[in-house]
Each structure stands twice: as structure tokens, then as C-alpha cells.
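Next come two complexes, and both contain chain A; in the first it sits with chain B, in the second with chain C.
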Partner chain A sequence: MRTTRRTRGRVAVPALLAMSLLAACGSGGDGGSAGSTDAAGGEEASCTNTITKTDAQQVTVWAWYPAFADVVDLFNETHDDVQVCWTNAGQGNDEYTKFSTAIEAGSGAPDVIMLESEVISSFAIRDALVDLSQYGADEVEDDYTAGAWKDVSSGDAVYGIPVDGGPMGMLYRQDIFDQYGVAVPTTWDEFATAAQALKDAGFEGYITDFPTNGRAFNQALFAQAGSAPWTYDNAEPTEVGITANDEGAKKVLEYWDGLIEDGVVGTEDAFTTDYNTHLVDGTYATYLAAAWGPGYLSGLADADSDAVWRAAPLPQWDASSPVQVNWGGSTFAVTSQSEIPEAAATVAKEIFGTEEAWKIGIEKGALFPLWKPILESDYFRDLEYPFFGGQQINKDVFLDAAAGYEGFTFSPFQNYAYDQQTTVLFDMVENGTSAGDALDTLQETLVTYGKEQGFTVSE
Partner chain B sequence: MTTTTAAPVRPAPVRATRRRRTEIDSRRQRWGWLFVGPFAIVFATFLIAPLGYAFWMSLRLKTLATGERFVGLENYVKAFSDEIFLRGLLRVAGFAAVMVPVQILVALVAALVLDTLTTRLSKFSRLMIFVPYAVPAVIGALMWGFLYSPRFGPAADLFGLVGLDAPNFLAPGTVFGSLVNIVTWQWAGYYMIVIYAALRSVDPSIYEAARIDGATGRQIALRIKVPMISSSMVMVVVFSLIGTLQFFTEPQVLRSIAQGAIPVDYTPNMYAYSLAFSYSQFNYASTIAFALGVVVFIGSYLFLYLTRKQSGLK
Partner chain C sequence: MATTLADRAAQTGRAPRALRPDREVGGGRRIGSHVFLLLLVVYFVLPLWWLLVASTKSNSGLFVGDGGPLWFNSEFSLLDNLRGLGTHNGGIYWRWLGNSFLYAFAGGIGATVLSILAGYGFAKYRFRGRTFAFALLLGSVMVPLTALVIPTFVLLSKFDLVNTVWAVILPSLLSPLGVYLMRVYTQDAVPDEMLDAARVDGAGELRVFFQVALPLLRPAIVTVLLLTVVGTWNNFFLPLAMLQDPDLLPVTVGLNGWQALSNAGAGGEQVWNLITTGAFVSILPLIVAFLALQRYWQGGLSHGSVK
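What follows is the complex of A and B.
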């Protein structure tokens, strides 16, 4: 008797569980049924785009490019053996958080993922990315500039295919400079003079903003004066060199600290609603920007209707030997969770590997291409931007900046480094810590952290 | 879980009765299991299992440059000597010291006032005070972010009326108060409803008796009403205490507009979150989360122990 009752009890419980699971499927499972009938793809995936060639192999892609839907459709139309199933899993850190969780969980990552070049080492060290050199990445190496290729590779390994870049320039308000009779600066000395001159002439805003949470932006400014805080090679993944307080960084930070103390630059946080409005409402006379900046600016609300925007090269420390730097830009990497790395590598290499795709990316997404055939085309060089009154900003500014960029080595714990950088910069602005001390603190924190994480740290 | 269904078996003089009893008992047991089942499954799958897994993770260590290994309680030793974690704990303790009394006081006063009023206005006020709780926490924090914004917020205009400059609500010195304000706005209404419900269940004839004895309105409120609902008050304080120690949503949302004033490790929960999802230290993040759990447990246990008289637990 006893056993029978027990058994019945046990049966009842799984039955209930099954029922509730069925209920859950019924409510949420409708979305995925459209594209999941194929046998080739194997797993169920819900794509943002509609896949018509259901027999082909499906490669899942996470990306947040603007106007990417058109690029995906173009790829799928022109390929019969492989189809892209695209999802926007969030922008920047939002996507990285999901990816990071998927790595830890051991499943859930897509085949191909959009990553900014600065986080590649952070994911490579967790064995989350496939070395693409075994899937023919070398064949496309010549399609990219040396600087762009250095950002995605480490030693012989290649962890991503470059897509768009962020060579830096200075976007400025011609009308403001004209109104107060100040010349547009070309060097940092002139920039400081202009900042003061604007203020003296009665300009109520600032020449620009130096955000303490600028992260990659601050680091790019440091790099322009020769700061190279990281030495790292994925071939020796447990060794890292840290010099966050090198001469270049100190020189640049002291410069900005001076401008802040003189009250001629703003210090508000970047990427907030207030900041976005200030960028376009005449609070700032210049916007030190990457090549994707114009697209960002033209999408902002509350802009001055009579603003006259122009682009100029980033001010230089030494006008006779200009140094070009990069801020942002992204790549396509193949994840090690992918069961079809070869097809995934094909997608990574080819999705932004045509002129048609790039015309969508440039005209609808305001991206700056790293793919040479379009980068070096007359079309791109001569492109006129209505936002800049028809100025050919690529020819005038960004092509030179991209060509001169020599690459940068990022940290295997870049996110931590950025957060700490924000902390020390805020301390400098808010509590008056000197620039040198702020960077020394940063260095100390990073070295401690590196050792804690088991790295052999050299300073 | 099953204690409620298991009736104590009393010794019966006759054998037959006992057998019938046990049969009824086990039939009840079976139904009991069936009723408890759905909850038990969900409870085990979504709470017990993840907790167990997190605890197991917290006993291991994996850093970026080394493999995963078992370290026992080493992580906990590190956590309780980790300056960042301790600073976070101190900060939420500060929040608890300010935020809990403020919330409870606002809620109590509102409930007492509403309890004495019987006009239509009181029903309306009750609803309005409760409304902020119906706003999702993230939305509420985002909204306050806009209100605090120097450009979009009303502060500049309001202070401008009297010829003053508006303070920056998101500076390191003021962000504490700004956060207290958001949480109080959000939760005071909820606590008010709990307290109000408790007040409604008090027999009104007691008030009448007090009034005949010459008690004033204030005396009735403080000497009769508050003591009579003390068990509800204790519960509300425990809710608020636990919520404050686990402070996360509001600072995390406000951080997007004040990254300098609210660092990633502002509260222990934020620290655990960034360790896990920004710095991929899942093991140490589990340790921090568990260590915080221990502190919350001790804190609320201590509070319940100290108030055992008021709450009726004794």
C-alpha cells in the first residue's frame, strides 16, 4: 500500500510540472516558430530579421549597428549557403554583460558577435573567442589598415574582423568662433589660448567638455601624447605590463587639469541627457569626436537651428609631427561557443565586405569604414555631409586621421581599468587631487588588481 | 513545509481506530504534498538550487589569469577584510540609519491622519500616497534622474524664483539625500497602507473608552494606536531594513547620470553586480552576495530579537 501511494504522489508532481511548462511554452513560444522549421540550423533562434532561405545554415549574430537590418537583408539575399540570424542584444556594455554571462554559463552566446576592439583582449583571455587565423582571416588582412589590424590581433592570433573605426577629429561651431572673433585652434597650445579668449570675449559656454567618465575618450587623448599604458600579448596571457602613469598621460592630464582650474572647460559626465543637449545647444564650442561623432550629433534633439558645424583635425601637441588617435570602433568576432565556426568566420569576413553593404553603413548608419576598398574609394573621400554644410569631412579630417593611426594595446581587464580611471579623474576634478597623484593612484590600483587576478605584472 | 498537514497521532485505546487514523493521516499527507508541490518545485528550482549553486561557487576561485580551484572559505576571509565591501556596508548602514526612520515616520503620520479622517478626500489622498509604489522602481529612479537634472529639472526655476542657484543634486555630498528622497517617495506609501490596514483592524470602541477617560487625539494616537499596531510596525521596519541593506536599483539607475558621485561599488549589491558582470569574477561576486546575505540575516535577526516584545514573537 505504502509504495503505491508514494508512487502516485511522485507521478502527480512531475505531471504538474509538465503542465506548467506546457503553459509557459504556449504563452511565449509563438515568436520562434516562424523560422525554426529548418533542419539545417538545428537550434531554435529568434531573429529580428526574416530568413527566407530556410534550408541554409544559420549563423546567429549580435550587433547594434544603426541601419544594420538592411545590411543583414543584403547579405542574406546574396548568400545561398549561409544565412544571418541577427539580434540586437544591447549596446556596448549591455551586450558584453549578456555575452559574459553566456560564457560563464557555457551556452547562450551567438556565433558572431560585435565587439569594440578595446574589449577583445578581455574576452580572448576567457577563451571566449576563436582565433580567426585558422579560418582565413589572413586573406583579408590586406583589406584593412595596419593600425586597424593591430587592434584586432595579438601576435599571430586574430580575434576579430575590423568593421568601423573612430579616428578622431574636432567638430566645432564655426558660428561661435566667428561671433567672438577667435581662431580655430590646430594645436593644444592654441586650444588653451582659444578657450581663454572665448571666455574673455563673453562666451558663456565652454570650449569643450572633459568628462571624467570619458573612458576610451580620455585614454585616446593620453595616447596622443605617447601614453601606452598596456603591454600585453595573448600568446603570453598571464603577463601584463602596466604604465598608466607614464609621461604622456601625465602631460595630457596636467594640461586638462589646468584648463579645468581656469574654468574654461566643462567637467560634466558624458553620455547623459544633459550632456547630449549641451553638445548641440551651443554650450560647447567644440566637440572632440571620433568619426562616428557626426552621426551621433545629428541624432540629438534640442539643437541650435542656426548652428554651423565644421570638422577640423584634432589639435596636436607638436604640429610638425602629428599623432593620430582612435576612439571606439568595432569588429566582428566569432565566439568559441559556435558549433559552426567556419560559417561564422565567413559571415564575419563578408557581411561588411561589399560596397553595397558599406553604402548602407555610411549613408544610413554614419559609420566610418575600415574596409580599404571603400575607405580609399573616391566615393567616400568626396562624400559631402549636409550636417557640415556640404563639407567633405573625410577628405579634410578623418581619412588622414585613420591612415595615421598606428594601433593601441588594450588591457585584459579594460572595463575595470576604465572604471578606476573614472574614479581617479573624478577625484581630481572634485577634490583637487593633482593630475600626477591621480594617475599614480590609478597605476597602483591597476597593478594590485592585476596581481590579484594572477597576472605577472611588470611596471 | 509539511508540518501543517501532519496532525499529531494521539494514542488510541482501540487498535482499529488507530489504523483508521493513520490511513486518514496518510491520505491527508498525500493531498498535502499535492498542494505544496507546485510551490515546492518553484521554490526549489528558483531559490534553493541557485542559492546552493551560488554558495558552491563562492567556495571556489577563478581569476582572469589562473584556472578555477577550490579555496574553501578563503573568499569569505577576503570579503570581510575587503575595504570596498566594508565601505559599502558602512554606506548602506548609513542609509539604513537615515532612510528607515524617515520612511516609517512619513508612513506612520500619513496612516494616523488618514485613519482619523473619513471624508472622500482621505480616500483620494490614500490612493495618491500609494501611487508611487505602483511605479516600477527603475522608472521611478529614471524619472527622479530627470527631476534632479540641472537642465531638465524644475530645481533651477524654483530656486530662481527666490534668486538662488539650484544645488547640484548629484554631487558627491548631495547624492545621499537625493537617494533617500527617491526611496522614501517610492516606499512610504506602501508602508502607509500596511500600517493603515493594521489601524483599521483595531476595535474603535477602545478609542471611545479612551475618549470618555479624557484622552486627547494625540494621546489616542501615540498611547493607544501605535502600541496596538506594534507588530505591524516591526514588520514594516524589517522590510525596510532588508530593502535598504540590499540597496541596488536606485543608485544603479542614477549612476548612469552621476558616474563620479556613485562609483560602481557604491553599495555591496552593486559591488557584487559589477564584479560578476563587468569584471567577470563570478566566484568572488557570489562570495560578496553571500556575505551580504549573512549581514542582512544577522541584522534582521538582531532587530527581531530586540523587538520580540512588540512584535508578539515572544
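What follows is the complex of A and C.
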């Protein structure tokens, strides 16, 4: 008993040691962040770029394009009252993870954030984004196509300023089509015929790939046949309409299911090593791509010097009334944590609002502009792409695709919807579920989930 | 995948032993177990081999090289890739590697020190609430660090520590498993009689701890140190959520960012070769650490079981 007592007194020593160690770390942290410039923390965000006009108001921006560095410098040179402090907080989901954490915590988000249009509703419903219509978004509305503007709007509210888009076309291997004497398809009927013809002529690859994890890509293909799975307006945030198994989606999925069963289309998962390999080694004769696809493809341009890539419009269901669709792209939104929303809105509106900025974006970043003054300029229309043998792919393909795009309504739980889409498509490809059943299952799952989340769901 | 292989491994491993009474000749058994071990070696080494091979390939050579996925291409680009790591984004890769070292050692050493102190305290002192505190600790072993990231973020953002190195180091200092290991090991390896003898000789508690107990704990210290260093080195979600500044990222999160950008399309920046080479370079320090500390590490693991 006595020993216990004695030791109880002494045990305080290691405990004190531990505490002082922790305390030392804590105070060191304060000193570190205040003292050094490159390890600044908390409110004093550190910028990847150097800001010379230190008196001006600073707007923090998260954006992931590497080419953005020069765009930021340009903006800061040409503005005296507002300066951009840029951080590359990761691409897509990496950045969204950080943004979500910051929303939960109530602090830590930047003033302006780059978002893909498909996630705007998901963040708007969490009150994480500012409605830009109160900060003069309508002044720049005419600078964008109606479709691009619809993608950043929800009802009367505007949650982002469009940056770049992904109007879709078909990139194809001219040399493969020539070698097997098959004509390049312009409609989906011709596409199916060409797929079979290539195979019959001895082509060992596939005409293209239909990835079960295609997510936005698959949804765009569905939309081309008129599928509009979501009805949603952020003004009525608890009401959502879901028709994931509408006729358009069923028509498209049955078409691809048929091609897969005939063995003329690959089913490799997108964004895997095998998929990348097959894109560049001539296994796929076409790459159904967004306008940023050429940038992606030419990143591996030196893979096969004999490959002859050309661009053509996306095949159509009805050649007499073509429908254009979009896959991906990005926007700038202002977060509701911003204490300077007006300045932030200025940055969102103006940073990609000059020809100089866009020339950087186009030439260094391979971005497809949605800003009309450059989109409709001679410079962009006549631009020749060495990767396509000098073809003017904008004039031939993507400008029409962008102009014809009418916009899309995304889900307030888009990410979940994509995940479920992947699940049912995988079931279709691997387990032989019919296309119709797959989409019915998807519809059922989404409706159940929507109700569980507290939405009033209409079907 | 891992479980099925492990299951199969368990079965194959048991089969020869069951045969032993009937079989007098040991040759067949040895071949069986050798084949089995060889399979395991292939299973564990193959990814590393792939990484080594991949780090010598150019960006497009990774996809369409003449060597296939498991052999070198005729074109050898390792040096180019290393040079690329030094120049891409201003050589930020080496900064990431430095950050990983900082986090791993600050977090690892700090966690080890705390584990030793706490484990020793639990093992050798009786105080009110000890059983309860230890039960709490055992419970928290079950809670993965990942699940605590959001609450930790909220906590740290209150102290303005988010997006600083402390946002990674402070949470890494806690290692319930380390405390548990240290307690169990201390109970076994440091006899109470020895401590009492030291006390009788007039040593104070600090002296008892530093000069009597600590030397006996060396194998366990190395074990816990390795576990915590490796744990912090490989930690992914914590820095992903806590840090925005690219200059503060550890190599795991940084490389993942490059991969996302390579996959993103727009921006057109594909640096697969730098990702594979960067991943390869980043595992070298861990391999060196394991080889160098192997002696202590093995001693630490087996010590408790023999006793």
C-alpha cells in the first residue's frame, strides 16, 4: 500500500513530460506558421503564385489545371484592386474531399473553387455555394452558350461561371478504317455496321470501348437519345424527379448491349492501364471523346508514330436532327464561406474572360473554351492540330457540337447516381442482365435512396 | 483477392503436415512447401518488380513498350525519369519526399516516445482508473485513424492549424496500438523485482526508467518506431483532407494528385512515368529502414511470444 502511494506521486513525472512535449509541439506550430512564409496556415493561405501587389484584396482560388499558373499571373498583372492567390488543391474528387471537409468544419474553404458542372447541385444543396446572380452573373451570361449556362444554373440561381467544356465528337484511326476498307460512320446504325465490318475484315481490336465505369460518358450517350433522368431546381431543394430508365436511356443501352454481345465492342474499364494501352496501340479504332480528349490522347502521342488520328462528329441517332452532348468541363464557383463574395465573383467572371488567358488555356492546357468571344473567333475556328495531321478539328467537329449543346440537369446526389450506374452496367456486361432490367434496377435504387435522403421523389 | 489467397495458403500449408505420419520420405514434403513458399515470394515480390520495371519506362513506353508489363523495354528511361522528377512542377517531388520524411519521423518518433511513456506507466504503476483507461485504449485500437479525420479537422481548424505541418504531425502522435504493445512488452521484459532492486539502491523513478527499464525495452521500441513511422509514411487520407498547399503534401498524396491530373484529360499533362518512378523512389527509404533495423525488429516481434 505504501509503495503504491509513493509511486502514484512519482507517476506524474512521465505524464508531465508527455504533456510538455505536446505543449512544445503546439507552441512550435504557432511560431512556425507565423514565422515562415511557405508554411503559413489557417487563414493566411499560402499561394502557389507570387503576389507582388500586396496591398490589393486577395481572393483565394482552388483550381487544378497546371496551365492555370500563367493565367493567374496574367490576371494579377492586369488587376490592381484584386489579386488571385492560387492553390492547386487537387483534381476533381481530391479537391471535393477537401471542400467537403471544409464545409463540415465551417472553415477552410477558398473564396473561389473550380468545380465540374455535374457536382454543382450536390454542393449547392449543402449551402456551400453563393448564388452569383446577385453579383452580376447576368452581365456575362451572353458570353456563353445557352447550354453551358444551363449547366451552371439551377432555376433562377447561377452557381458557377463556365470555364471549359467537353462537347463530344469521335476521334478515329483513319489508317485502320482505310486498311480494312470500312467507311467512317456518321450515324449509330452505320457505327454498328462498321463495327461488324471491321471484325469481318479481320481487324482484331474493337471499334471502341463501352466502359461500365464510364459515368458521365455513359450518361452523355444516353442524353443524346433524349434521356433526361433528373428534374431538379435548387429553389425547391427537397424535390427531385428521377427517370433513369426513360426511353432514351433504354434505347442507347440496348444498342451497346447488342454490340457487346456481338463481341465488336470492348468492355474495359475506363482510366485503367489496359484502357490507356488500348487507346494508343490500335486496339480501339475510335475514341468517343469530349473536346478535351485530344489533349488526353496527345499526352501519349509518341506511343505509335504510324497512327493516323482524325476527328469526326459524334454519330447520330437521326442524321436529319442531330443532337449534341457534353462530357465534363469545369466552372468557377464562389463558396459561401468567402467573406469577400463580390471580389470573388469578379475573379470568377474575369479570370478566363480575356483572349490572352484563353490562348494560354488552349495552347498550354488543351482546354475547350466556353467563352464565346474566343469560341467564335477565327483564331480558334481555324486552329490546326498537328496531332490530327493539321486537321481543324474545332471547325470540323467541336464548334458545332458546342453550339448545339442544350444543357443538362444533374442530380443533387450525382456521385451516388454514377456509382449505381456503374453497378448496374457491370451487372449487365458480366452477368447478362438485360439492358432494360439494369436501368429499372437503377431507377429503383435511386428512388429509394432519394427518399431515404429526405427528398420528395417524383418518377 | 488477398483473403482467398490467404485461405488457399492456409490449406496448402496444412496439407503436407497432415500427411506427415504416413510419409517417411521428406522429399515430397519439402518440394511442396518450397513450391508454396515460392508462390508466396512471387505474390509479394511481383508488384515490387513491376514497379521497378515500370520506373525505367518512358511515358508512352509504359503502355506500348516492347517489353510488356513485366520486362524492361529496349529503351531505358530511368535517368530521364529521375531528371523529370527534379524538374516537373519545379522539382516539387523532392519536397514531397522531404515532407514525408518530416511527417514520418516527427510523427513516428513522437508516437513512440508517447507509447513508451504511456505503456510503461500502464505496466508498472497502479493508479486509479487504470483498468478503465486501458480498456478505453484497447477500444480505440479498433477505431481507424481515417474515421477520426473529420472531427480532427474541425478541432484543428479551431486552432488555425489546418493546412500546416502540425495538422498531420499532431494526430499522428497518437498510437493506441503502440501503447498497447509497449505495455504488454514492458510487463514481460521488465521484472518488478529489478525495478524494486534499483529503488532499494536509491535510484529515483526517472533513473529507474531511463537506466534500468529503457535498455530492456529496446526491441519493442524499435518495433513500435517502425510501425508508427511506416504508418505515418503511408498515411493518405489524413494529409489529403488536412492539406491544400501543394508544398506541404507528403509523397503519397502528391503522386495521387499527379495521377488524377494524368487521368483528367483537360490540361493534357500526363506524367505516368514520373508517377511510377516517384513511387519507386519513395519506397526505397522504407526498404532501407527495414533492412537496417531488421535485427531489432525481429527480436521485438518474437520476444513476447516465446515468453
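Heads up, the rule we're going with is that the second predicted complex is superposed on the first by the 413 of 459 C-alpha atoms of A that agree within 3 Å, B and C clash if a C-alpha of one lies under 4 Å from a C-alpha of the other, contacts with A are read in each partner's own complex, and residues count from 1 in each chain.
Rule of thumb we're sticking to: a contact is a pair of C-beta atoms (placed from the backbone, for glycine too) under 8 Å apart; a residue touches a chain by one contact, two chains touch by 3 or more.
In this text, all values refer to a predicted model and were calculated from it rather than measured experimentally.
Asks: Is A:75 in contact with chain B, with chain C, with both, or with neither (first, second, both, neither)?
Replies: In the superposed model, A:75 contacts neither chain B nor chain C.
Asks: Check whether A:296 is in contact with chain B, with chain C, with both or with neither, and answer first, second, both or neither.
Replies: second
Asks: Once chain A of both complexes is superposed, is A:277 in touch with chain B (first), chain C (second), both, or neither?
Replies: A:277: touches chain B and chain C.
Asks: Using the touch definition from the top, say if A:398 reaches chain B (first), chain C (second), both or neither.
Replies: Neither chain B nor chain C is touched by A:398.
Asks: Have a look at where A:269 lands relative to chain B and chain C in the superposition and call it first, second, both or neither.
Replies: first
Asks: Considering only touches as defined above, state whether A:367 meets chain B (first), chain C (second), both or neither.
Replies: A:367 sits against chain C, while chain B stays out of touch.
Asks: In the overlaid three-chain picture, which partner chain does A:237 touch, first (chain B) or second (chain C), both, or neither?
Replies: After superposition on chain A, A:237 lies in contact with chain B alone.
Asks: Between chain B (first) and chain C (second), which, if any, makes contact with A:304: first, second, both or neither?
Replies: It touches chain C, and chain B stays clear.
Asks: Quick one: chain B or chain C, who's touching more of chain A?
Replies: Higher number of touched chain A residues: C.
Asks: Which partner does A:108 contact after superposing on A: first (chain B), second (chain C), both, neither?
Replies: A:108 contacts chain C only, not chain B.
Asks: Let me check the overlay on chain A: which residues of chain A are in contact with chain B and also with chain C?
Replies: 8, 13, 17, 93, 97, 101, 104, 273, 277
Asks: In the complex, go through chain C and note every residue touching chain A.
Replies: Against chain A, the touching part of chain C is residues 58-60, 62-64, 69, 89, 110, 113-114, 117-118, 120-121, 125-127, 149-150, 153-154, 157, 159-167, 169-170, 173, 204-206, 209, 240-241, 244-248, 253, 256-257, 260-270, 272.
Asks: Tell me, which parts of chain A touch chain C in their complex?
Replies: Answer in residue numbers: 4, 7-8, 10-11, 13-15, 17-18, 21-22, 25-26, 28-29, 32-33, 38-43, 45-46, 48, 62, 64-67, 87-94, 97-98, 101, 104-108, 110, 164, 166, 271, 273, 276-277, 280-281, 290, 292-293, 295-296, 298-304, 328-330, 365-368.
Asks: Applying the document's contact rule, which stretches of chain A touch chain B when the two form their complex?
Replies: 2, 5, 8-9, 12-13, 16-17, 20, 93, 97, 100-101, 103-104, 122, 125-126, 212-213, 237-238, 269, 272-274, 277-278, 412-413, 415-416, 419, 422-423, 425-426, 429-430, 452-455
Asks: Under the stated contact criterion, what part of chain B meets chain A in this complex?
Replies: Those in contact with chain A are residues 26, 30, 33-34, 37-38, 41, 63-66, 146, 149-152, 171-172, 256-261, 263-264, 274, 277-280, 282.
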